[in-house]
Amino acid sequence: MRPSGRQLNEMRAVSIETNVTKHAEGSCLIKMGDTHVLCTATLEERVPPFIKGSGLGWVTAEYGMLPRSTSSRMRREAAAGKQGGRTVEIQRLIGRALRAGVDRVALGERQITIDCDVIQADGGTRCASITGGWVALRLALNKLLKTGAITSDPLISPVAAISCGIYAGQPVLDLDYPEDSEAGVDGNFIMLGNKTLIEVQMSAEGSVFSRDQMNELMDLAEKGVEELAAAQLEATA
Amino acid sequence: MRPSGRQLNEMRAVSIETNVTKHAEGSCLIKMGDTHVLCTATLEERVPPFIKGSGLGWVTAEYGMLPRSTSSRMRREAAAGKQGGRTVEIQRLIGRALRAGVDRVALGERQITIDCDVIQADGGTRCASITGGWVALRLALNKLLKTGAITSDPLISPVAAISCGIYAGQPVLDLDYPEDSEAGVDGNFIMLGNKTLIEVQMSAEGSVFSRDQMNELMDLAEKGVEELAAAQLEATA
Amino acid sequence: MRPSGRQLNEMRAVSIETNVTKHAEGSCLIKMGDTHVLCTATLEERVPPFIKGSGLGWVTAEYGMLPRSTSSRMRREAAAGKQGGRTVEIQRLIGRALRAGVDRVALGERQITIDCDVIQADGGTRCASITGGWVALRLALNKLLKTGAITSDPLISPVAAISCGIYAGQPVLDLDYPEDSEAGVDGNFIMLGNKTLIEVQMSAEGSVFSRDQMNELMDLAEKGVEELAAAQLEATA
Amino acid sequence: MRPSGRQLNEMRAVSIETNVTKHAEGSCLIKMGDTHVLCTATLEERVPPFIKGSGLGWVTAEYGMLPRSTSSRMRREAAAGKQGGRTVEIQRLIGRALRAGVDRVALGERQITIDCDVIQADGGTRCASITGGWVALRLALNKLLKTGAITSDPLISPVAAISCGIYAGQPVLDLDYPEDSEAGVDGNFIMLGNKTLIEVQMSAEGSVFSRDQMNELMDLAEKGVEELAAAQLEATA
Amino acid sequence: MRPSGRQLNEMRAVSIETNVTKHAEGSCLIKMGDTHVLCTATLEERVPPFIKGSGLGWVTAEYGMLPRSTSSRMRREAAAGKQGGRTVEIQRLIGRALRAGVDRVALGERQITIDCDVIQADGGTRCASITGGWVALRLALNKLLKTGAITSDPLISPVAAISCGIYAGQPVLDLDYPEDSEAGVDGNFIMLGNKTLIEVQMSAEGSVFSRDQMNELMDLAEKGVEELAAAQLEATA
Amino acid sequence: MRPSGRQLNEMRAVSIETNVTKHAEGSCLIKMGDTHVLCTATLEERVPPFIKGSGLGWVTAEYGMLPRSTSSRMRREAAAGKQGGRTVEIQRLIGRALRAGVDRVALGERQITIDCDVIQADGGTRCASITGGWVALRLALNKLLKTGAITSDPLISPVAAISCGIYAGQPVLDLDYPEDSEAGVDGNFIMLGNKTLIEVQMSAEGSVFSRDQMNELMDLAEKGVEELAAAQLEATA
């Protein structure tokens, strides 16, 4: 039995509210149950030095948690004087995942920065950041398409991410914090809307896992991504 | 004429939504027009080393801006590796202001940290942080009073802050960003609900000012604080 | 009764020795009683990037305390790896205050950096830094006027700063350290020589204050600035 | 055709030289072709604060590359003033992977730190670090078993890691640098000697991948781990 | 011919003014020509952790240059966020040199920190710091002897330092900045008053040197130290 | 009697293995007994800004110790977030020493960076770094001479370094760690192959020393450098 009473293959309620801030070129507030992440897209007409002159665009991401987004207050990273290892790992993942769904030639030499700031955390913040980040990206690109700054859509398909894990010996979809902190194995699957894989990260946290279990988790993830991609398309329709 | 069409002595619309996050002991989302700040209060049963054993409590604050809370994206301070001078100055101000309205004996040896995170900025974020921060503090203390952890209310009166300045040669109340960036003189007044002064900060930014102008600004500020204190009391009633 | 035996409206003895170091374009050692600050002005024929090409000059300041300028040794900020919040706040204040008294068009595209290093501290170091900093600035500009590098004097009037506060229930002028550490309210007034205001900073430190008290403090400050401006003019005559 | 002329499922030559430094409790120099990593194990009779008193042991890891281990010189991280995101990610992975193969109760309250320093890099340094790190760990634990400090072996099975990827459209085992820099998809599989999974990390780098391809890569990885585990056991026999 | 017109074996005028700051337990302003260094001694009744309980005392030093102590302004190290390599090297040298002249048993478990802050620089600041630092140390210990806190004098003899070098092909004593910046070889000799050696540092800066030249430089240094020790004893008599 | 049983004037066994890494332009692994240092030379066709356009080349060095190169594990400097004072001092010394043996005009506008990484430490790592660093430099320059990129050899003579000290009252050559940690006086001599001096660093560590002792140490050092220079020439023949 899951603490929330959900079925093993049941995701939390997803809601995606778009255009939540007046300054960003694209933005949304994504909620996966009690996990709330504010995602904004910032468009700049310049690219990092390493691709200058290549004709290619760039998508990057930054991630942060508000100090009291968690049950007990976390130290503010700006005050600590650096981003922790977990933060760096997550923001590299978000950027890499979103880039996998972007035609960088069509984007042209411009950069889009996706900021994912966790307002309230209850497990699965990196997955919510990717899923919501794609929505912010979609909205920013819609503006570019509308003004004619770009003529071909750089987005191939939604990029969505979902966590899975083995909780109390059972494979479960979309772990919330109580599950996440107890799971023996957990990880994240990132896919395009058609379930082609972008990234798989599965880790033992106390107990190892078999190849059969890996396959069961991937089945769950495919179901989750299908639902998320539908929500992304609906929010940006 | 003010860019927003407001009267010289007219504040922006204030809204204070309370209990906006499930983890914090107290929280609110304060909106002063398009300036939106999320304020949370974290209660800890420990105090900083320098007052250990004194029987006194402590209230401190931290401040941050989401990277895209502003018109063009700011560098994330956690990524830059330190809090900028402006941030440090503001969070010291918030803490000092709120402490002035707290009976630290009644609070007892515990610490309350007020986090003020700017979701969207349009001028006056430090004042909104103080005003909203007091609401979060009030709510956290209500819990302590309710459980009987403290028996005497440590809060003397609301603490509210408002900006004033000289814009286009006229004294105006509650500057928004277009005014703030053009004002020749601006500053902040922090008061208790009864208009007793806690802090006055008035700066020339291009033009100096006379003692008469200082007095006109203080009149405006008193009007503003009166309205803010009413909103604070209503939100926490 | 003040610990020093001074009258409520009596400033400490002021002395300003000029040209105390052979390298700087302008310099002085200002003493306000036992508070001694070495102020130097460095002239550079370049401006910060944000005003390049604007035709405007820039004045900025840095502040530091020698580790044993204080009663017990402070940690050296260079060793600690960063300037503390108080230092940053003070040096931003010094720069802002001095710029308010400079005609940046007349200065032309050059930068003057005022370094204020506290040799011995006994309260009021930021005010002494501003007052002495103006003297160093004046001397550096005199050289530019003399060589004909600039033809119109960029300095409108002396800029002087003085602290006031409420000590033992009484408004007093120019707090020394024993007063400063006990004062319920204190702050700084920065003015041009004609007593026009540049900056007002008044803070409750334990007790709040009324508008009447604010006015009494401002009266004291005007008296102090008058005396300081005379000393500045005499030193640079 | 692979640049090295290897078969698709052919690993590079593996060599593991043990006891290569006189100070460490365990050490080896692992070579996977031209990738050379020096792994040392340091034993300390203390644990990190978060598990003090729990009776459990801890295994952690640090990773570094010598500046000229690579084709063009990398900046020394100590000089840069921080470990880069990639370094932090890798050392967290090494520690997590090795802990998954350790019975922390049997280890008792002591900490083993595995340092993995890349002497020469040609792709696959994180996998070589894990595989070699386990050997250093094994040797350090052998000493503890020999002295009787611990009586039950904390190591369940070898922990080995191997990279796989899709290069020129083909699934290949153990990518070297020329392959790694061109691969459309690559990742790492970490397993126990019996091929139970500890961690799976598969990333698209330019092209996405199907579930069938994922399965082919996992088949290759199982072959690789089998060979590595044999080499680990032989080196520590 | 030396730029200053001095003889090859002629030191600059030395002056040592004592008790120049009211807070420090010992202090002096040492001038070697145009090189001026403020030296203070801070006494603390605690020692660094690595000698706690040993019964031994500790003497350490910190060094800094005011930003405009030099001909062109140096970046403030506190603003740069770290002490440069040269600074660290110098302060380690000062501490090591002074400790060599201290009987740490007689000192007992207390620490004395010598701060050497360069007010004006014209070559030889590290030597002036050591020579002046010893005076500050002497004065602080005199207080301890006077109060009876220590009964046996921990200072064996003055510690003095002087630079020598090969300038325009000639061995010269006490290089000033114009000489120092042109010297092919230079270095520092640190000795007790009786000319026993504490530290020798001699470096080629453009031209190498023979053992005969080394001996000539040492002769010069002995002369310099003799004069400095006399000045130190006179200042502290 | 020396702990190792060596004669007072007997150096440890020296071995220099060249071309130990495939990426660097020059490299060697130097062993002085149990002290092992990996030295690599990196050639870049650019120079630091301060000599751009001067026609002169530059040689610089960086130094590091692997965390477990020592008897108890040292903290990794990259993790600590900065290079310690000792590291900075040593790498400045290595660079300065090697530059003294280079004709920077013949080198032309290019930079060579010598990385010295201590694999195993047993005293004398800075001297081994200089001696081995020269070998790496020699090998890199041989390549430039071979390709005709430079036509005149920038290396005048080997640069070698050796430690000496007073151990148990006796002058000894080439201190190993047990001697180094007990020596009352120790230091380093850096010379060209013909024994002309480049740098002398001699420090009291507990006991001071006479000029006669200084001379005895220099005699020992000359013997050591003679042997080292022979080994350097043999290794690079």
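The chains carry the letters A, B, C, D, E and F, assigned in the order they are written, with residues numbered from 1 in each.
Convention: contacts are C-beta pairs under 8 Å (C-beta built on N, C-alpha and C of every residue); 3 or more make two chains touch, one makes a residue touch a chain.
Which chain is which protein? Per UniProt: A, B, C, D, E, F = Ribonuclease PH.
As the structure is a prediction and not an experimental result, all values here were calculated from the model.
Asks: What chains touch subunit B (Ribonuclease PH) and also subunit C (Ribonuclease PH)?
Replies: none
Asks: When the contacting C-beta pairs are counted for E-F and for C-E, which pair yields the higher total?
Replies: Greater number of contacting C-beta pairs: C-E.
Asks: Counting only C-alpha atoms to place each centre, which chain is farthest from subunit C (Ribonuclease PH)?
Replies: Measuring from the centre of subunit C (Ribonuclease PH), the most distant chain centre belongs to D.
Asks: Just to confirm, which listed pair, A-B, A-D or D-F, duplicates the contacts seen in B-C for more than half of them?
Replies: That interface is repeated by A-D.
Asks: Determine the centre-to-centre distance between subunit D (Ribonuclease PH) and subunit E (Ribonuclease PH), using the mean Cα coordinates as centres, and give it in whole Å.
Replies: 51
Asks: Would you kindly tell me how far, in whole Å, the mean C-alpha position of subunit F (Ribonuclease PH) lies from that of subunit B (Ribonuclease PH)?
Replies: Roughly 59 Å, centre to centre.
Asks: Return the residues of subunit C (Ribonuclease PH) touching two or more other chains; collapse runs of consecutive numbers into ranges.
Replies: Subunit C (Ribonuclease PH), residues with two or more chain partners: 82.
Asks: Round the ring, from subunit D (Ribonuclease PH) on through subunit F (Ribonuclease PH), what is the full list of chains in order?
Replies: Order round the ring from subunit D (Ribonuclease PH), first step to subunit F (Ribonuclease PH): D, F, E, C, B, A.
Asks: What does subunit A (Ribonuclease PH) use to touch subunit B (Ribonuclease PH) in their complex?
Replies: 21-24, 27, 34, 38, 40, 42, 44, 62, 64, 66-71, 73, 76-83, 87, 113, 115, 117, 119-120
Asks: Which of the residues in subunit B (Ribonuclease PH) end up touching subunit C (Ribonuclease PH) in this complex?
Replies: Those in contact with subunit C (Ribonuclease PH) are residues 82, 85, 88-89, 92, 96, 100, 187, 192, 195-204, 208-211, 214, 218.
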